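For clarity, chains are labelled A, B, C and D in written order, and residue numbers in each chain start from 1.
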């Protein structure tokens, strides 16, 4: 058994991590911490966990956490992780950061999109972008894992085979994504109230959402050239789930078989399902899966590729556990669910 | 007072028409008809209308309807309207068809997308495409109005100014649309069950949805050249509302002012609001409004224009009443709501 | 035209009042006020009202409001109305209070349930309990109307005929009520977040909800004896609507006809519908109606009477307008909707 | 490993059973059967199970099922199980019936409420009412387990301690229950459509719901006298969950400690949580738990006891697995989840 700390255990992603780890055979959460609720029991904040995790929440002190635990998960607002993670911390514990601070390789890009200075640019080269299906080998043995964002996991994985194999134009890519409301977090904001979200849909962050450069970084790397793309997120009246509709122009001469072959890179992945009809978020709810489908439209010359994930699992806590499993040499699927209830 | 007949009064669009007309100062519904429920009271099928409309539903016989009424609304499955509307019918009553049969000018396009023969190609030239903000003058005095589809109303109106003024590339237009579940109708289908729709989002009809050629027809006409575009609809767990995110590449040299000026064509429209943040379907729920916003992304060179309507009102019954108001010379806004409740 | 002021125009009930009055033929809202948003446009806070009401919000100063307007609506937190309404105010304007401060005749009962002193006990005798179907004649000519609560309107109206006619045991009455989430208001509370409300149901305020004494007061008055009853509210994942299931023991010898006759007191009421199947909140959504049904269970000896309203309309803003119509001698139904959309 | 058959594997309860058993360490589902979908893959019907269970669905032939499997689960419409279960079947396999046919000990009561003859009255004495927390010892070694209904599990468990210990009046008990929509099943009915359920709440089966006699049977047995009670179910716009609000009059002299002591019968139960605030269905979603709380109202003399379960788990498939675990001597909690995600 390894020991785990979670800083930010009472946000939705942190709580999902608590839930997943409560069923993991090789991990004990020994240091659940919360800035807002330190001193209270976890199950006071999440009554659904009464009897499963009644531990007292600790102060969110990364030094203590790293001393007591083998792995420290960070689920904190942007800008905090880079201020508290140091080489000393990394020498004591593996850090898996569910936030954005270590995802972008270039601190200037970070500053442009996050409108704030990066506190630890020297650590950026220590970090690995923790998307196992793409960077599995680099993740092994790393001390600092930057767990990808929810929209980004879904978007990158959906488009990656096409970009990697050079089947689509790298100009004009459009990603129209839709997310359940848990993606907005547990903050007490007017825009997150039931009556403000229910029975409506809207876009937000048009042309400015911070997940854009993360998607561009990974796809540019795959393409071997700079990709600039359009990313638009939407808020959907449901608890969980992300659906990304990705539009791209197929290059001339690309056959259906070429596309099929490109996606076959996922054939043996335990958490990827290639499906023949457009994916639905309900089919991956609660699981660490991504469902991907694509349609080639001969009339327009476009390919429409779609991916669906659970934003709190494959888009956050589940992928963090997958990364942990890789770093510590456990079976990569350990503790992670694949069967979605229906309806759920 | 004029007399109105409604064939297909118990579908969601037909029932919304019943509701709107029940409050219209110049119209009496004298012939509400239903294939499935003839002989029952309308309020037996829609108990919310008890005491407001308890009329008995008639057989859906267009000859009787046209004889008894000044205007006949058709809210019927595809392929039926073209089989029952004749010059004789049109000589007796104005026909406003909420279905698709008279929307496409070219019967071959109809057959390609609807996979069925058109029963009355000779009437196509008699019909006007009933989008008042674009075809108002042609609607006046017409006997046969093809009321536009829900997705199409929203998509065309959102893109029209850009296309008409030649500000965007006519290649590569992408429309990613999202609809509430009432758009799927009142049929007893597995895919429309609460537990199959709730807490999920999915695309459907990818590269094949029948509203595509309707959008292309109207935008091609505006552009003066053939436009082929990508249209993708999604199903959202909410009762009402359509949101269309429209992506296009701005032509070189087009300024922000050019775009603003193009959209100013709607400045005096009673049912169009240009809004400065992405539209939300809840703000037009129950109304005949369309809210439109746009964002110019200098980074990608794209314009992202968005429109939001209530699919059953501006997308169906409300627009049908707007068309009726025009044909009969009533105030165009008569009987139509503009103030949305919140939350609703 | 009369002039209306609304203090608390940006809460859900206040905003619904704004919306209803925007369509009222005899009323101009000239003084919309908000403590939190004074200085902003109403349509900045409620974008759905853009183009319908773009007035600037005023300070919530009752003296100014009463001077400028003929009627002042108060939609304020408990304890404020009684601190600001004075005989002078009442001499200048009619006050219709959507809050609780003037509903209970006995200040001691108020203090017991609201845990705070009443600021204007001397005005309690000036106030009328504004439930038109029961107190219509007393409302006419009053200067201070205490608009009933949402749960209370629904519960009292459902049980009143049975109590008034002495058909049920006044012991053991149980009211199990369910409300949409708009009843919790627009405050930025964790418990009102989409993700905390959606996909769940819970009771709250068990044995302690403040609407209890209000229901007891009115039913005791009807019975001519003190009634103590059990009231339990629940939170339902929907925007609007209240359903009250009321359980009582029928007295011996009471026939079905006796019950039917008792409910016939509502036969000519424009906003009451007696329905033969259990009422559904959707059928009254957006309207000022209450739907009532009852079932007599010979097996248990109980009568189960049920009522359904829209909590923001008949349960708040709509009933306030109904009261205003009565006080000012307008047609009681003016400006109030009776036809519910479906689905809405 | 034992082998399991499921007849009716594609209804919501059957599919949940498939999902739960797919993670059970001691069970292989070898015979999933479906009347409607025989010959198709299970994951064609439930795409969320793609890659987890792609078995072909068999004909729903109980003889074959019993021959091939050690345990046969039946999830069939009322009246079918009693027509196909025979002593021969029971000699070959344990039968756990999720339907109603073997729950009522008295065939006359069955006929009264189900309006149909019972096909196998002689087997009623062979069956055990499979509520483990109450009948655990009788379940062990049985060949025929009648798995309780969803409403009944929740209602009986919530009231049982009070009745068993004689703390409440057995007259006048009222159960007001609320259920998510999966309880209505997967049938293609108008009343189950998204747009007919969403944004509304209603009661149904008032004074006539078939779960009534089941609750009365178990509580009468506990009381040692006949109990007749009022049971009212409601439909809530959510996928899963049952909340039962149970009202009863506390007998004179009963102290808070008496009540606390009565509920302590559940202290060691792995699937019962006594909670101090009103239970919320979301906290048990996906789990086999029941959360129970109670409030004693000195003012009315009533106790309001509330229980919350997931109707498809503790109310159906989960409890069936719990019963299977008992019959076959596995750890009772094997394969059953206790940690609910939040939000889910």
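Here, a contact is a pair of C-beta atoms (placed from the backbone, for glycine too) under 8 Å apart; a residue touches a chain by one contact, two chains touch by 3 or more.
Predicted model, so just to flag it, every value in this text is computed and none were measured.
Comparing the contact residues of chain A and chain B by number shows a mostly shared set, over half of all numbers used being common to the two copies.
Of the two chain pairs considered here, A-C and A-D, the higher C-beta contact count falls to A-D.
Note: centroid distance chain A to chain C, computed from Cα atoms, is 46 Å.
In terms of their C-alpha centroids, the spacing between chain A and chain B amounts to 39 Å. Our note on geometry: chain A versus chain D, Cα centroid distance of 37 Å, whole angstroms. With touch defined as above, residues shared between interfaces to two or more other chains in chain A number as follows: 12, 182, 195-196, 198-199, 237-240, 280, 282-283, 285, 343-344. Of all the residues in chain D, the ones that touch chain C in their complex are 172, 174, 176, 178, 180, 195-196, 198-204, 206-207, 228-230, 232, 234, 236-241, 243, 245, 247, 249, 278-283, 285, 295-297, 299-300, 302, 304, 306, 308, 343-344.
Residue ranges of chain B in contact with chain C, taken from their complex: 12, 15-16, 19, 22-23, 46-53, 181-182, 199, 239-240, 273, 275, 277, 280, 282-286, 312, 338-344.
On the chain B side of its complex with chain D, the touching residues are 12, 181-182, 186, 188-190, 192-199, 237-239.
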